[in-house]
Amino acid sequence: MLNVSGLSAAYGASQVLFDVSLDIREGEVVTLLGRNGMGKTTTVRSIMGLVAPKGGGVQFEGQPVAGLSPERIARMGAGLVPEGRQVFATLTVRENLVATASNRLKRNDPWTLQKVYDLFPRLGERAGQMAGTLSGGEQQMLAVGRALMTNPRLLILDEATEGLAPVIRTEIWHVIERLKAQGQSILLIDKNLGVLKRLADRHYIIEKGRTVWSGTGADLERDAATVQGYVGL
Amino acid sequence: DPVKIGMITTLSGPAGYIGEQIRDGFQLAMDREGGKLGGKEVELIVEDDALNPGNGRQIAEKFVNDMDIKLLTGIVFSNVAGAVVPDVVDNGAFYLSPNAAPSGLAGKGCNENYFTIAWQNDSLHEATGAAAKALGYKKAVALAPNYQAGKDAIAGFKRMFGGEVEEIFTQLDQTDFASEMARIRAANPEVVFQFHPGGIGIAFLKQYQQAGLLGAIPMVLSEPSIDGVILNAVGDAAIGLTGTSHWGADFDNEASKEFVAAWTGKFGDRPLTYYAQQSYDTGLLIASALAKADVEDADAFREALRAADFASTRGNFAFGPNQHPVQDWYMVEVTAGPDGKPVTVTKDKIIESYGDIYAAECKM
Amino acid sequence: MILILEQLLNGLQYGVMLFLMAAGLTLIFGIMGVINLAHGSLFMVGAYAGTMAAAATGSFWLGIPVALVTAAVVGFAIEALVIRRLYARDHLDQVLATFALILLFNQAITWGIGRQPVFIAIPEGLAAPVELLPGLFYPPYRLVIIAAGLLVAFGLYLLINRTRIGMLVRAGATNRDMVRALGVDIRLLYTIVFGLGALLAGFAGYMAGPISAVQVGMGEQILLATFVVVVVGGVGSIKGAFVAGIVLGVIDTMLRAFLPGILRSVMPASEADALGIGIASMGIYLLMALVLLVRPKGLFAAGG
Amino acid sequence: MSTQSQEMKSLGVKIAVALAAAVLLAVPFLTDFIGGNSALSLITRILIYSIAAASLNFVLGYGGMVSLGHAAFFGIGGYVVGLMFVHYTDETPLLGFIPGSNQLMVTIPAAILVSGLLAFIIGALSLRTGGVQFIMITLAFAQMIFFFFVSLKAYGGEDGIIIRRTNEFLGLNMRDRMTLYYVVLGFWVLFMLALWRVIHSSFGTVLRGMRQNERRMAALGFAPYRYKLYAFVLSGMGCGLAGALMANFLRFASPDMLHWTKSAAVMTMVILGGVGSFFGPLLGTAAYLVLETELAALTEYWQFWLGLILMAVVLGTKGGLNALVARGVALIFRGRT
Amino acid sequence: MSNAILEVKGLVKRFGGLTATDSVTLDVRPGEVHALIGPNGAGKSTLINQLCGELAPDEGQVFLAGTEVTAMDVPARVALGLGRTFQITNLLNDMTVRENIAMAVQARAGHNFRIWDVVRRRRKLWSEAEALLDGTPLEHRAHVPVAGLSHGEKKQLELLVALARKPQILLLDEPMAGLGHAESQEMVIRLRDVAQTMPMLLVEHDMEAVFALATRISVLVYGRIIATGTVDEIRTNAEVREAYLGAEDELC
C-alpha cells in the first residue's frame, strides 16, 4: 500500500535523505530502524508531505503522493503519531481527540472517544484539562489516541512509546497486536528492539539517509552482526 | 522664470480634506489670472506632510534650499508649522499661513517673514465666547479634548464669554460621548460650547442629537467644528446650531461672490469650506504683493505684503503688528438648505476689527 | 442617583460597542494568532460599503448585507493574497504587511470616494430618544447596538468553544503542520475564519457609522482600542474580550463622569480637576497597564 | 561554513565598512549629485532615525522584546533638549533647581540619562509580562506619556517647543547644515561602535539567549528579568540620544515624537531592514525615509505606492532588506569564484 | 541535619482538585543515583519543577546542601549548584551545539553583565565547550544549530548543557527518552561515569537504565511515594510491579 523508492530530501541546503526505499503491504507491520539523526523522522515527514521530497517516489495505494499537501495524504488514509507528541496545547484532551476525528474510510468498527478512553483511562480522567499541562506520558497517549481517532489505513508511529511507563508501553504493544490482527498496516519507529522483533513482519534500517538493510525478523537474527553495527544490541 | 510657490499641506489621513481644500482654493486664486498671480507667472508645487512635523520640515528644506523657493504656504496643523516655520524664515524665505497660527509664533516668536492670513488660533474661540455672551447666555458647559488646542479653545471661549463655565474634558481619540451627554443634561446649562476637531466632532454632534439634546440645549461652536465638509457628514444633527465665523459662502461682497462662483464652477457640489477661502485669500494677498514687488527683493516684498492691499473675500482685512489678521467676526446659524442638507447662514457681526491677544508681545 | 444609573448604562453600552469593534479581531488575532493591523481598515471598508449602499437605496437595513459581504470578500482576498504567506513567518512580518495594507486601503478610499467624510443617518424609528426610566432618556439605536453586541458575543462563543471549527482554528494557531497532517485543510479553514473576522469588523464599522464619522482613517482610531480589549480580556478568549470590553467601558465612563468630582472633595478644585482629567484622559491605557501588572496574561487567559 | 568563506565574509564586511565610511564622510560634497541640499538633511535624518531603529532592534531583534513604546524614549530625549533650551532662554531653573542649558555636551548626556531612567521605570513594570502583553503594556505607558505632554500647557502642549537655536557644541557653527551633519555623523559612529561592542559582548550573547529561550536561560542560572531590564534601559538610552539629536536637528520638540505611530514607524524601519541584524535598521531607515520623501514628491497618493513597496518587501524577502542585500552579495561572490 | 545534598520535606502541590505532589519527602545523598519512577502523570516532572524552582509548592520545604531554597527562584537555586535536564528538550534553537554548551559555561564563569568585552575572545568558554563535546556523539555536530538536530541529538545535548554548568547535583528528567537503542546504552555508560562525581535524581521509564544506574529507587504513584529501596527490593515489590512495571517480560 505504501511504496517509497529512492527517496531523497533536504532541509534547506542540507540534504538529509539520499536514497530511502521501503515497502509496506496491506496489513503489514513494518519498522524503520536506525541511530539518532539518521533520517527516520525525515522519511516519515516526507511520506506525509510535511517535507517536500527532492527526488524519488512515494506511492500510496498505487497513487504517487509526492508533492501533495499533507491534508490530502492524510485523507487518503495515513495517520501520524508524530515524534515529540505535538499535541494541541491550547485544546483540552477531549478537543484534541475530536477536532480531527474522522472515519473517511467508513470503518464499520471505528475508534471512538470511549474506546480511546478505555485504552488510556488516564485520558478519560483528564478529559477537560488543557493538553499543554498534561504530563509527558499523558501527552504521548493523547497523540496516539488522536491518530487512532482518524481511523487511518496506515498508522505511522514515530517513537510513540517515548516517555511511557512500562505498563502503558505494554498496553500499546497489545493494541498494535490487535490492530495487526484486524489487518491494519503500521509503520513503526521505536527503540524497543526486542518487542519490535516479535511484532513486526519486516524491518528496514537506515543509515545516513540511505536504506542499508531490510529483512524479516528471522533475517534480523541471522544478520545480527551487521545489524548490531547499525543499531546496537 | 515663474515665481515658485511651495505648498506643504496635509493630504493623507482623516484631515486630508483640509489640505485638499487649501490646495484647491489656492489654485482658484491662480486660475483667476490664468495661472498667474499679480501678473507674474507662478508655479505651485504641492507636497503632503502626512501630518508629520519631520516630513514637513524635510519638504521645506527641499523647497527652500534645493528649489530656491522663497514663498511657502499651505500648512494645516500647528505642530507642523512649529517645526517648519522657524527654519523657513531663518533661511530668508516667506511663510504665509492659510490656516495654522499657534500662539508660539504670534507673540514673542513672531517673525517679519511670517504672515498669517486666516486668524490666530485663539480668536476662533474668542469669537464664539463673544457670540454666546451676545446671545445673553450666562451659564455654559464647555467641552474639549484634554490637549493644548482643546484647553486653548476653552480658555479663548471663557475670555470673551464672561459667564459661569463648567469645563468637561474629553479624550483625543474618544468615539463615544454618552457619558458627556449625561453630564450636560445633568448640568442643564443655558448653552453648550464644544470644540472637537474632525471626526470626533462629527461623532459629538450626532450623539448630541441622538441624546435628545439638540433643540433642548442650544450649542455654540467655533469655526473648525462647522465647516462645510463636517456639516455634510453630520447631516440634520447640525441644524439649529450657532457658530462663529470670519467668512461665509453667503458673504455679500464682490470678491467672495467671485470666489464662490469659481468654486462651484470648478468643483460642482463638493462642499466649500473656509479653508479654501483662507487659502484663496492667501493667493490674492500674494498676487497683490507680487504686483508691487519682486520676491527676490525681500524688504520690498514684505512691505507689499504688510499693506494687505487686496480685496479680501471677507471684506475688512488688515494685518496687526504681529502680521496676523485684524478682521471682523460673525455669528452664523446652521439651517437646512434647499436640498435639506445643512448650510450656514451668516447673521450679525459680533466683533469688529479684532486681532489677537499676543500681538502686544511681538517685537519686530 | 439616576445619573449614576445612566452613566452605568452608558458605560455598559460603550463596553458592548468596544467588544463589537473587537469581535472580529478576537477571531483573527486572539484565536488565529495573526497580528492584523488592518483590522481597522476592514472596519472602514464595511462602513463605507454599507453607507454607500444605504445612500443609494435609501435604506439603512439594506446597507447591512452589503457591508457584511464587502468586508468578508475583502477579507478573503487579503487572506489569500497576503496573510496566507505569513502564517509560518515571524509575527513582525505580519505587522509590516498589515501596516502596508492600511496605507493601501486608506489611499484606495481616498482615490475612489474622496477625502470628505460621508453621511449616514440613523434608521427611521430608532432616532428619537426613548424614556427608559423617569428622567432617563436613551437613544434606541444604542439599544440595538447592545443587542447586536450580545448576539455576536454569544454566536462567537458557540463557534469557538462548541464547534469543531473553533477547535481546529485554535489548534492551527499552535501547530499548523500537525492539523494538516491529521487531514484537515487548514488553509481553507483559515481563509473562511479570516473572512468571518473581516465580516464582523465590517459589521461593527457599519453599525458605528451613524454615531461616529465615516471617514478615511476611521479604522486607525479604533485600532488600539480593539487590541486593548482583546489583550485585557486575555488573548484568545471570547468571554475575556466581552468582559474586558464591558469592564473597560464602564470604568472609563465612570472615571470620566465622576473622578474629578470625587477628587474635588479631597483636594483643592484646580488640582483635583487637573489630576482627574489627566487620569481619565489616559483612559483605557491606564486601565490596561493596571490590569496587565496584576494579571500579566489578561483577565481570562486563553483556556481558563 | 568553512573558515575560508568566513574570512572572505569578514573581509567583505571590512571593505564595505571602509567604503561606507568614505561615502558618509564625503556626503556633504556629493549633495549636488544626490539631489541637492535637502539630501544632506535627509541623510542626517536617516542617521538619527537609524540610531533609534538600531536601539529598538537591540531589544526587539536581539532580546525578543517587542516594544511598541519606544517613541516614549525618543520623545523624552527630544523634550529634554527642548525643556533645557526653554529654561536656558527664560533663565529660570527647571522644576525649581535644574538650570537650563544650550550646550550639546550637557543636553545630550542629560537626554540619555533621563530616557534611561524612564526606560528603567517602564521596563521594570512592563517586563513582568511578555509576548503580546508586552507590546501592549509598553504602548500603554508610551501613550500615557504622550497624553501627559499633549496636555502640558506650560510647554506648548501638542504645538510643541520651538527651539530657536540648535545647541552649541565646541564652538562650531551649528546652524551650518554641513557642520550639523558631521556632528550627527560623529554621534552616529560612536553609537554604532558601541552597539557593535555590546552585541558581541558577554551581555549581548546572554541577551540573544534570552530571546530564544528564557526558560532555558533561567535553568542555566541567568535571571531573565535583570538581563532584559538592562537591555531595555540601554535601548531606551539609545532612543533618547536619537530624540535629542532630532530635536537639535529639527529645532523642535513636540508630542508627535511621542505618538504611538512614531513607535510603529521606527518598528517598521526595523522590520523592513531586517530584524536582529546589525545593518538592517540602517537599511530599513534609509529605505523608508527615502521612499517617503521621494514618493511624496512624485504623487499625492504616495502612501499607496509606499504600501505596495512595503508589501513587496515583506512577501518577497525573508528577513527584510538586510537578507536581500546579503543574498545579492553572496550571488556576486559566487559568480566570481 | 543530614548530609544530604538535596532534601525535600513534606512537599505538596495541588492543581485545582488534583494533588500532583502529595507530602513527598525524599533526599539525595552524595555519591548516589536516586531514581524516581512511577506511572505517567504520577507527578515526577511536577516534583522536579518544584525542586528547581519553576513551580512554587503549596506546602513543604526544599533544602539544597543544607540551605533552605523553598522561596528562591530558578537562577538562585542554580547558583547554589542545582542542575537539571528537561523531559521535553529546551535549548537555544538558533545557536549551534557548541554555543549552547558555551552559554552554560559562560553562565558558570560569570561576568555576564559586561557590555564591553568580546565573547569570542573568552577562550576558556570555547575550549571548555570543546572538551565537553569530545568523545560524544555530537562531537561532529558542534557547528550545527539546534534547530537542525534530530530529536535524539537534542536529548543528548540537553545532558551536555546541564553538565557544562557543573552542578553539585543533577536532576534528570527522562534522559533516555528519544534516544535510540544503541544511544541509550551509551548514555547509561556516560551517566554512570558522571555519577562518580555528581549525585543525581533520575526520573526515567527505561527500566534497563534505571536498574543499571540507580543506587536507590523511589516509586511515586498519584503524587505519593509508595516505596523506596534498592534495585532488588523495588524489582520484586508486588505493588510496584502491578502499578508500574507490568509484565516485565514484555520489555526485552
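Residue numbering begins at 1 within each chain, and the chains themselves are lettered A, B, C, D and E in the order written.
One rule holds for everything that comes next: a contact is a pair of C-beta atoms (placed from the backbone, for glycine too) under 8 Å apart; a residue touches a chain by one contact, two chains touch by 3 or more.
Everything numeric here is computed off the predicted structure, so don't read it as measured data.
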Chain D and chain C - chains in contact with each: B
Chain whose average C-alpha position is farthest from chain E's own: B
Centre-to-centre distance between chain E and chain C (centres being mean Cα positions), rounded to whole Å: 47
Centre distance in Å when chain A and chain D are each reduced to the mean of their C-alpha atoms: 51
Intercentroid distance (Cα basis), chain E paired with chain A, Å: 28
Distance between chain centroids, defined by C-alpha means - chain B, chain C (Å): 34
Residues of chain D touching at least two other chains: 147, 151, 303
Residues of chain B touching at least two other chains: 11-12, 146, 172
Chains that touch, pairwise: A-C, A-E, B-C, B-D, C-D, D-E
In the complex with chain D, residue positions of chain B that touch it: 11-12, 46-48, 50, 52-55, 57-59, 61-62, 65-67, 78-79, 82-83, 86-87, 90, 102-105, 109, 146-149, 151-152, 172
Residues of chain D touching chain B in the complex: 35-39, 41-42, 45, 147, 150-153, 156-160, 162, 164, 175, 246, 250-252, 254-256, 292-293, 296-297, 300, 302-303
Touching residues (chain side chain D, partner chain C) in the complex: 60, 66, 125, 128-130, 132-133, 136-137, 139-141, 143-144, 147-148, 151, 260, 264, 267-268, 271-272, 275, 301, 303-304, 306-308, 310-311, 313-315, 318
Interfacial residue positions of chain B with respect to chain C in the complex: 11-14, 16-17, 20, 145-146, 167, 169-173, 175-176, 178-180, 182-183, 185-186, 198-200, 202-203, 206-207, 210-212, 229-230, 232-236, 270-271
Partner chain D, residues of chain E touching it in the complex: 52, 54, 73-76, 78-79, 84, 86, 90-95, 103-104, 106-108, 111-120, 122, 143, 161, 165
